[in-house]
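Input: structures, listed below.
Next come two complexes built around chain A: one with chain B, the other with chain C.
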Partner chain A sequence: MSRINTTLRSKKILIDQFAHQGLKTLALLSASFIFLIGSVILVKGLTPFLTDNDGLGRVGLIPFLTGNVWLIGPTFQSSLYSVGFLIITTLYIVFLSLLISFPVGVLTALFIAKIAPKKLAECFRSVVEILASIPSIIYGLFGAGFILKIVYQMSQLVGVQSKGGNSVLSTVIILALMTIPTITTVSEVAIRSVDQRLIEGSLALGASFTQTNFKVVLTAAKSGIFTAAILGVGRALGEATAVSLVAGGRRSGLSFDLLDTTATLTTTMLEGMKESQGLDYNIRFSVGMVLLVVILITNFLLNLIKRKVGKIHVK
Partner chain B sequence: MSNKRKAQDFLLQFWTYFAAFFSFATLSLIIFFIFTNGVKLLNLDLITHDYQAKTHIAEPLAPNDTDYFEPEETLKAEVYYSPRWGLGLIDSIDLMGKTQVEIAYVHPSSPFQQLHDKGLSHELLSLKPDMMIIRIAYSDQPSSLARYGAERMIDELALSNQIRELEFTIPGGGIRGSIITTFYLIVFSLLFALPIGIGAAIYLNEYAKNNRFTRLLRSFIELLTGVPSIIYGLMGLAFFVPFIINVSSATSGSILSGSMTMAVILLPVVIRTTEESLKVVPDEYRQGSLALGASKTQTTFRIVLPGAFPGVLSATLLAIGRIIGESAALVFAIGTAIKDDIRVTEQSTSLAVHIWAMMTDEPANIELSSTIAIIILLIVLLLNLLIKLLTRRFLRKVSAPR
Partner chain C sequence: MKKIIGCFTLILALLLTGCSRGLFNEDAKITVYTRDTTSGTRDGFMNGIGFSEAAKQDDLLVSGFLIKDNTAILNAMTIDEYGIGYISLSSLTDNVKGLKLNGVIPSEANVLNDTYDLKRPFMWMIRAEDDYPSEAVELLVQAFVAFLNTTDAGDIINNAGAIALPSSTTWDSIKNDYPITAEDNHLITVRFGGSDSIQKVAQALTQAFSAKAGNFIAEHDHTGSGDGWKRTNGDSKDQAEGKDVGFSSRNFTSAELANVNATQTGQLAWDAIVTIVHNDNPIENITTQILKNIYSGAYTLWSDLPETD
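Up next is the complex of A and B:
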């Protein structure tokens, strides 16, 4: 009897160990994908800079990062790629879109969390949730079918010939619309978790309701609100398909003109890939690598600012 | 309170209202835009039809022996019917506003049921409702053309004894292929992502000790959420596409390589959602099960995992929503060729990529894109609603016994 028990128990232990190791493998596998992504992008992305590219010549890293033309010369016959102007346009567009989405997003969050009556707040929260769940391609479709036309007509009023509305402005509007729900959701949580005693204290000292909301609540929640902005910037930097439908695919020349066509790192990556090997294929991984670096640096800088800003206390 | 203060308060208050209604207006505008553009193409044909229109030139195989075909169903008043040929035609107008002749009814023993394709394929064809007749050529009289309408075509058909050839179109513009692709993508992506994701979540929540190694694992998985989907697409293109080409008959991006890429995108979502629901399962359940002599494995898979089932289900629903909406990664990992015959080792488009492919084409097809967008939007909204209901019920169920 006891022997049966022992074998049973040892079998159980064996199964337990087997399950433990199996599940651990799955967890390790999940964690390893980030390295797979990193190494694939790095290996493919560095190829244009390190090899001869089948006789086309090496792509220079410095010209690549500073140049003003995506490709000088015909495709498959030239190695003179550069993304310098794309890096700056990408950051410029994301910054402009944040100028719209940040105030609108934060104020919407304030409205939902503190100002609106309960029923209305519930309704607006659902609206934001739905906006957040709309896939980016639908934003792109909306941009291409609606925003482009409006921007086109507006530019005609001003007397500028914009190319069917494909412009910095359209791109900025679409990106802003897409990041508002992200910013709203995250800052709402931050605003709602502000200590109630702080608010009561402010009201007791004679500040009006609105003054309290703007000077106390928003200041107290600023760390969370800043996180929201960082997430919004992250989403805007990585957005590809929606932007590619409204940007206009600019190939060269840095332009800050709101009504001029534009391109970002992501739209350039998406543009007409014809081969599955060679330089024209590999260079997209280099652009991807640049995009990842831009995202990492922006995130790092914003987090640094957040730490600085976070130290100021409620006045 | 001073008037200046009041005015300032009012202004600030106004801006918050404005911001909130801005979000509301955006949503309404998007929905309004998509519905006004897309609703006219929204019908069952869209889901059953192929995307590419096909035109055939064919001749009837057998001569027409019988002279009279009684229709087996009552036809609508607008249908012109030729009892001699057993063919009912109806006038219709295509998207460009041109007159077309559409087939409304074909008698089961009509000579039009057996047609010989005169093109390269030599396959056996038959006329079916919804197809468009472009031209009928006779041996004994001038041809009838679609632009003169259905009535004249039927009259001319009645006068003829012998049809030389017949040109007709199987209409395109449908999204059957993309719906099937999306379905395959959902099935395969979940097949890859769910076992790995749930397994990893169980390990992290039930087995892993709270040490540096586990925290490192967690942070690596968490890092995946910050990677833009286009980068996942590049990874799929450079890793999974060659992998699938090596192990199967695929020659380029395929549904399988797309599903694998999608599975990596889904992993952090599946892991996080599953882990959260595992955390909610009360510790008493685990202790009770262990005290009754069950092994750790039995406890985990028979007690804890069933308890976390609603969480796993909502992870699945979240994943499905993500698969349906994903475009950038799939453009790279599968490709953008819109197909009608779907094979898992070949290129084809999901619904979202179908929109992208049409919008980057010249000229952009906004109507059909909006129709697909309506379908995507409805599915996504439904999934969101289901997840909400599920979470609410789950929370009630868990909090009830305490």
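Up next is the complex of A and C:
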């Protein structure tokens, strides 16, 4: 009897160990992809700065990061690339889109989590989840087919001739539409998990539901809401396909004009990628490197702010 | 609340009136659309309007131009009444207006009879007789060149966006003249190169032809029209990058043709480009000179354009 027990137990331990090792290998494998991707981008992206690019000359790091023209001189024959203005417009566009998507997203989440009746909330929740899973190219097609037209006609009404609607404004609208579902889903979870005792305490002290929702619930959930904003910024910074369909492909000059054409780091990487070669191809990896650094820095800064503001504990 | 609703109705009403077609404002700025510098269509267009410097260089173009791809330019001309752009002739639809060039209507017929100017020939060139890696490669190349003149190849060329030369021969009716195509050739590699603008067409052609010719391996390495001659009959033909078939998206120059037999070269297709504007734009005809002035920024308003009809 006891012999059977021992073999059973050792068999159990064996299976446990086996599963443990197997999962560990898988986890290591998926984690190692970041090194693989990182090193490929790094090696390709550093080539333009380290070699003479088949006689075109080395790309200077400082001019690359500060310049105001994507490429001076003919493609495939010049090494005078720069992304300075693109870094700034990228951040500018993401900031503007967050200005729209953040309040809309968070307030939608508040409604779904706290105010809407159960059935309505369920319905809205699934709609937002569907929105979050729509591929970016669909947003892009919507933008090219609809937003461009609206922005073009609106700008005509105010007496400005926009360039077919291709503008900062269209880009911002598309990015806001894309990030609202992300922000809503994540902040809804944060709002729902606010400690019920806090809310009851507030109500017991005589605060109205609206006061409680805005002053207690949102404050208590701010750490989670901030995470939502960070994810939204991440999605907006990395978006290429949809943006390239409405941005207009600006190649030089920093412009903050809402109705002027624009470009971001990602759209510049994407445009012409398929037909490119040599330095013009490698430089896109360098832009990718810059984009990764920009994303890392923004995430770091946002996390820093989050730690500063999000003191209240949220379960 | 009433005010908000009022505002919305006003905006909606304004939008609807905005949708109804207004008059074309001659004093509006021209919005210039272009492909990006890696595009073969841009290369063909800029060379065609005598502005070849701008084929690969963005800073020579009028400031404030837009970069879009073929479909996006087509789509933009349905929205932007004051835009001008160019697309490959095969993608022209009724939603936009294709402009006459120097008085000639952009149509397939006018491309084939050589009256429409904004086009370039797609040429092929093969190595000299007995100058191939093996006899099998030579026979396959001859079969491929014959295939280019068939209706089968014509369909593929038209599908890939170019305009095939007229033909009434089918591949089935001539394939018996090329017994090599009935053999198993899956170990034989044929090297294709030259113009990168033709790469898409060439790859579609070799993919279809390989299946008809014993599954030979088609190796594509397209580096530019200059290498169409250089790597088949020029300096580098016997080096590692040498090619069996070279393509060029322009006519071969007389210098290139000096050491080449007439049977070693020919045309497979035309690539035509059409200038497009919004349907509301009253302009019907344009000249290459005006196009150059628009793209270089000499003309910035529609009223700057001289009468051409």
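Throughout what follows, the second predicted complex is superposed on the first by the 280 of 315 C-alpha atoms of A that agree within 3 Å, B and C clash if a C-alpha of one lies under 4 Å from a C-alpha of the other, contacts with A are read in each partner's own complex, and residues count from 1 in each chain.
By our rule, a residue touches a chain if its C-beta (ideal position, glycine included) is under 8 Å from a C-beta of that chain, and two chains touch if they have at least 3 such contacts.
The structure displayed is predicted, hence computed values, not measured ones.
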Clash or fit (per the criteria above) of chain B with chain C on chain A: clash
First, second, both or neither for A:Leu245, with chain B first and chain C second: both
Partner chain in contact with A:Ser170 - chain B first, chain C second, else both or neither: neither
First, second, both or neither for A:Val40, with chain B first and chain C second: first
Partner contacting more residues of chain A (chain B vs chain C): B
Partner chain(s) touched by A:Gln77 [first = chain B, second = chain C, both, neither]: second
Which of chain B and chain C A:Ser155 touches, first, second, both or neither: neither
Touched partner set for A:Ala144, first chain B, second chain C, both or neither: both
First, second, both or neither for A:Thr212, with chain B first and chain C second: neither
First, second, both or neither for A:Thr261, with chain B first and chain C second: second
Partner chain(s) touched by A:Val127 [first = chain B, second = chain C, both, neither]: first
Residue range of chain B overlapping chain C upon superposition on chain A, of 115-123, 259-267, 295-303 or 331-339: 115-123
Touching both chain C and chain B, counted on chain A across the two superposed complexes: 144-145, 245, 276
Of chain A, residues touching chain B in the complex: 12-13, 15-16, 19-20, 22-24, 26-37, 40-41, 44, 103-108, 110-112, 115-116, 124, 127-131, 133-142, 144-146, 177, 180-181, 184, 208-211, 213-214, 234, 237-241, 244-245, 266, 269-270, 276, 284-285, 288, 291-292, 295, 299
Contact footprint of chain C on chain A as seen in their complex: 69-77, 144-145, 148-150, 152-154, 156-157, 161, 163-166, 245, 248-249, 251-253, 260-261, 271-272, 274-276, 280
Residue ranges of chain C touching chain A (in the complex, touch as defined): 14-15, 18-19, 28-29, 31, 33, 36-40, 53, 55-59, 63-64, 66-68, 72, 75-76, 79-80, 82-83, 196
In the complex with chain A, residue positions of chain B that touch it: 1, 5, 9, 12-13, 15-20, 22-24, 26-27, 29-30, 33-34, 37, 195-197, 199-200, 202-204, 207-208, 216-217, 220-221, 223-224, 226-232, 234-235, 238-239, 252, 264, 267, 271, 295-297, 300-301, 321, 324-328, 331, 352-353, 355-356, 359-360, 364, 366, 369-370, 373, 376-377, 380-381, 384
